[in-house]
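Presented below are the structures under discussion, each in the form of structure tokens.
Next come two complexes, and both contain chain A; in the first it sits with chain B, in the second with chain C.
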Partner chain A sequence: MAGDAARIRRQNKLGKGLFLLFFIGPALLIYAVYNIYPIFATFYYSLFDWTGIQAEKTFLGLENYANLMKDRVFFRSLGNNVLLVFASVFTQIPLGLALALLLQSKIKGMRFFRTVYFLPFLMSTVAIAILWMFIYNPTFGVLNGLLSDLGLQSLQRSWLGEKSTAMGAVIATICWQFVPFYMILLRAGLTGIPEELLEAARIDGCTPWGTFTRITLPLLMPTIITSATLSTIGSLKYFDLIFVMTEGGPDSATELMATYMYKQAFRFFSMGYASAISSCMFILAFIAAAAILSLDRVRSRGGY
Partner chain B sequence: MSAMKKWASILVSVLLICSLAACGGGAANSGSSQHSPSSSDSGSQDVSSGEKKKLTVWYIDTGKRKELIEETIQEFMKAHPDVEVAAEQIANDTYKTKLPVAMGGNNPPDIFHSWGGGWLKEFVDAGQVMDVTGKIDADSYLPAALNLATFDGKLYGAPLAMSLTLFFYNKEIFEQYGLEPPKTYDDLLNIIDTLNANGIAPISMANKTKWPGALWLIYLANRVGGADIFNAAFERRGGTFDDPAFIKAGEMIQELVDRNAFVTGFNGLDYDTGQSRQFLYTGKAAMELQTSGYLTVVRSEMPEFESKMGIFGFPAVEGGLGKATDLVGGVSPVFSISSQTKYPDEAVELLKALTSKELAQRYVDEAGVVVAVKDVQYNDPFAIQMKEFLEQAEFLQPFYDQTLPPEMAELHKDTTQALFGKSITPEEAARQMEEAAQSMLGN
Partner chain C sequence: MKAAKSVILYALAILWLVIAGYPYAYMFATSLKDQSGFFQDPTGLIGKYTLDSYKLVFELGLFRYFANSVIISVICVGLVIILACMVSYCLARMRFFLNRPLYFIFIAGMMIPVHTTLIPVYILTREMGLYDQLWALVGPYIAFSLPVSVIILTQFAREIPGELEEAAIMDGAGRTRTFVSVILPLLAPATATVGIYNFIHIWNEFVFALILISTKARMTLPLGLREFYAEFSVNVPGIMAALTLGSLPLLIAYFISQEKVVSGISAGAVKG
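Entry: the complex of A and B
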């Protein structure tokens, strides 16, 4: 009897597995063809000297990677990526959190502001890039116009045209684009915090700042960690806005790994080398994500 | 009950998969029929669609030029009822990515656009381009244009239109300050000073994409070092890229920057979105060194400006070896045939139609461009002027970035942009170019 029950249970389990497979199957298939296979194909191509426009490939082993380690432009772009990661994590998420808290508060007209704050995220990246190119325009742009109205002519720059300001100008635009996304994400996290906890704190005479640091922030930590992971990975593989705004220039000042990879693949016809860059990007993003997630595990075990 | 439900769900998911697949197929179908111009007269097509020979054409010409190419293809299909041509117009920058992918994926178009030179040579070296030597009549094209599609004495395509680099200037501003188009480089410097003194930016430029600034380097190197300066270095016969003429050209660029010859922040301005032309349209700047496509853009963007606009050539540099009549230019489009085409004979016929005298004549009359085809009548006043520049020229210097191998082309543009930004010295720029030349072109 007991054996029968176990057999039935096992059968049920098998049936359930098959059943699930039918649902996941199509998505899994698409994921495998368009995501998993290309990842392995990229690693494979990175071992060859290949133009990408002909059938013949020459096997090089790890030579592409050896050359990459000697490539100044690659390290400059890696540096820019790291800068972007830090700028993104430490401005986008705090600003997103501030806006999310603002939206929680009971100010009149908040629904209007919620829509306004979210607008940048709804625009296509290319539209944002072109909009900001006009804002940064040294002669006709709003930014220099504003500085001149305030009597701050000495601060006027050709924002995208100078090596010293180009990266900062582009990063500011990227933050403007993504803050709303983290605002929505963190607002969802805030809504998940039980009202009773906040009420209990208030009854116990906790200050608003105390409530924030001792209740809201710890309970929001999982969402913040998710945001940080998304932001880090997104920054490591960032491409489109920079490509439209500066094409990595002037003089490689805003070059990122992804824009450099694009140039190697489609301008210089070095598909093998580009694949090596792209493999490095994958490995770096993977390590960064793993590091953040394991830090999070340590944190939650420590019972922050 | 649960079993019933389970099987029902499985059935549904199978159906969903099938419909997904159908969607994919449908999308592909609608995609191809959208690009095939013959889909409009599908009545006649249905009869013989089984035996039709299919050719694909990829090109990048826009506006009026696009219409003319489409009409030519329609006429070709009427004359060749057994051939069906699917022509696809692709945006310039997208095209530069899309063609390599198609070639690499072994699915290239039968006829494709290029600018000749180093870019086309990459595909020729990869064995992807058909040799058309003797298949088309080389005598009907201008030799300077044909050169850009000739490698190792073999012809790999035919040219249609050309672009020349000239100054486009605001005649009213010049008149107001009593200025004449410059004959010599010193004249140009005087014009720059006069305009600056009157609060008008002398020269507009949008150098984000780097090639507009490169035009200056190419002209200055030619005027200082003479017609052979680039080719001697490129072909590695005695010349080098760190020749004093290239260094001098770099110095002259930085002197111009110091003289405030250019609009503020030019290295961050975008040409495609009109950030340099804006200065001319609003009268804030007086001139711009650009390719002849400028005229087409002005006509569609700001037709009112055309009546104020004049053109002049790049002036001579005193003591330099280059002639004031030498031109910097290029060819676009050059049409080539893929070596993988299934119907080489029909493709050659279509290539001839796409670079025919008839189409070239219409390009001149209706699009106002200079063409690479001989014996064409010019009526458009600007086109007549440009044709005169072309006729006077003893030498046409192709754009460096279309002649050099792609990696060196990028270095040339990067270092020139850095020269303009004053983040590199002329000596250093020349040294980097020569170093790259030695590793890529040999000693």
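Entry: the complex of A and C
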């Protein structure tokens, strides 16, 4: 009898093991091949001089990284990425919050406004890039047309063609695309704030601004932190829109780490050097995520 | 005072309405103009409308890109949902010693920048002989959709009451049977959210398609739109027609089920 029980238990265990293998195995395999292995492979490739096409690789050790530290274009692109992080966090999230608050106020036709506000986020990034290239077009573009209607011809520019305006123009487009996303996130956060709290503050004679800074904002902090995390990580790996609109030009004025990495890998076929750039991107994204998470922990221990 | 306040609110609301909506209106209106009509009044929304650009865009092969995108999105979204449900069931409902580490590995995937994997995925795809085929995209798309999908579905599966599962087992159903006939139907609402989220991302995906596909006939829509732009940049109404058609599927989905699309999009913001 005891032997039977042990056998059944063993069979059950085997059955469970097979079940897990069958249920988790396929997903884990795909995930490992396309997501986990490539990270290690990237670090490995970054130690070589390699075209990616020929079989032979020359071992360089850390020379690619040493060269990277002397590469002005790389630092230019890193600087642009940092600029993009700050521009995203400090324009998209406040604007998203402003719109979320606007949608809460009781004015007529809110449903219509909300529907239209969300539209930019539904268009594919490539479509947005192409559309905005026409908006910024120097000869028949919408922006220069608007300036001429306002009698401001002196402000007309080749927005994407000039070094001084290209980055700003691209950032404005990115903002247009992502504000609706943060609007949605923050709106969900706002609806989570109990109405009674706001009511109580009003009865106690709190001004609207006071209610906002002392109740709404602190309670919204977790959502804002999530938004800032997403925005920071997204900005560090940003690629599509800038690649289509300017390819990093003019004269690397809008170069990002990702566009620079793409060019090194798939235009100049310096796969080793490009791998060193993408390894740096990985490390930076990791540091940024860790920094935000630990700041968040300090904040929540602070008790507000 | 109150009236002044609502005037300001309306002014702000309308200001952003123009900012968010005008580019769309411009795209659509331009797609309906003919070329000379466009150059007479490039920024206006009203003019003599015609559907010629749409006809032209189809003659020039936009349909091919469209079909490729539909095929790849449907296959990948379907597979991701099935695989993620299977994984989530195990992570949420079963005890085994790798449970926590596995969950953590899937969460960590959300932090990985796509570009870190680009070169190895390209090399791997070449070695597997899949380079420049639509199928080359299936692996990367599934791998990058798994983390968010697994997290959402696992959190959802944890909420399912244990009694339902026990009842099925009492009735003599095996684990697989229980999964298919009890758990899967209960996961359906979360599956819809996950499906929409992944569909939007895969439909719009650009960089993997850019490095893995080079033949025009195998390109997905985002690559195809860029191709259109490069070839016909003088025919502005034609390009706008292509952009309008490319945006249509998500717009239609949005107008059919606004709540679902919105919740699908914000689903990406889950914290592990």
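Criterion: the second predicted complex is superposed on the first by the 272 of 304 C-alpha atoms of A that agree within 3 Å, B and C clash if a C-alpha of one lies under 4 Å from a C-alpha of the other, contacts with A are read in each partner's own complex, and residues count from 1 in each chain.
Going forward, contacts are C-beta pairs under 8 Å (C-beta built on N, C-alpha and C of every residue); 3 or more make two chains touch, one makes a residue touch a chain.
The structure displayed is predicted, hence computed values, not measured ones.
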item: Contacts of A:266 with chain B and chain C, given as first, second, both or neither; value: both
item: Partner chain(s) touched by A:23 [first = chain B, second = chain C, both, neither]; value: both
item: First (chain B), second (chain C), both or neither touched by A:140; value: both
item: Partner chain(s) touched by A:150 [first = chain B, second = chain C, both, neither]; value: neither
item: Touching partner for A:298 - first (chain B), second (chain C), both, neither; value: neither
item: Between chain B and chain C, more extensive residue contact with chain A; value: C
item: Contacts of A:161 with chain B and chain C, given as first, second, both or neither; value: first
item: A:38 touches, of chain B and chain C: first, second, both or neither?; value: second
item: Doubly contacted residues of chain A, that is, touched by chain B and again by chain C; value: 15, 19, 23, 26, 52, 130, 133-134, 140, 265-266, 271
item: List of chain A residues in touch with chain B within their complex; value: 15, 19, 22-23, 25-26, 51-55, 130, 133-134, 136-140, 157-163, 166, 246-247, 249-252, 263, 265-271
item: Interfacial residue positions of chain A with respect to chain C in the complex; value: 15-16, 19-20, 23-24, 26-28, 30-31, 33-39, 41-42, 45, 52, 98-99, 102, 105, 107, 113, 115-127, 130-135, 140-142, 145-146, 176, 180-181, 184-185, 188, 226-227, 230, 233, 236-237, 239-240, 243-244, 257-258, 261-262, 265-266, 271, 274-275, 278-279, 281-282, 285-286, 289
item: For the chain B and chain A complex, residues of the former touching the latter; value: 6, 9-10, 13-14, 16-17, 20, 96-97, 100-101, 103-104, 106, 122-123, 126-128, 207-210, 263-270, 273, 275, 278-279, 284, 406-407, 410, 414, 417-418, 421, 423-424
item: Chain C residues within the chain A interface of the complex; value: 6, 9-10, 12-13, 16-17, 19-24, 26-27, 30, 38-39, 42-43, 83-84, 86-87, 89-90, 94, 96, 102, 105-106, 109, 111-124, 139-140, 142-144, 146, 150, 175-176, 179, 200, 203-204, 206-207, 211, 221-223, 225-226, 229, 236, 239-240, 243, 246-247, 250-251, 254, 258, 261-262, 265-266, 268-269, 271
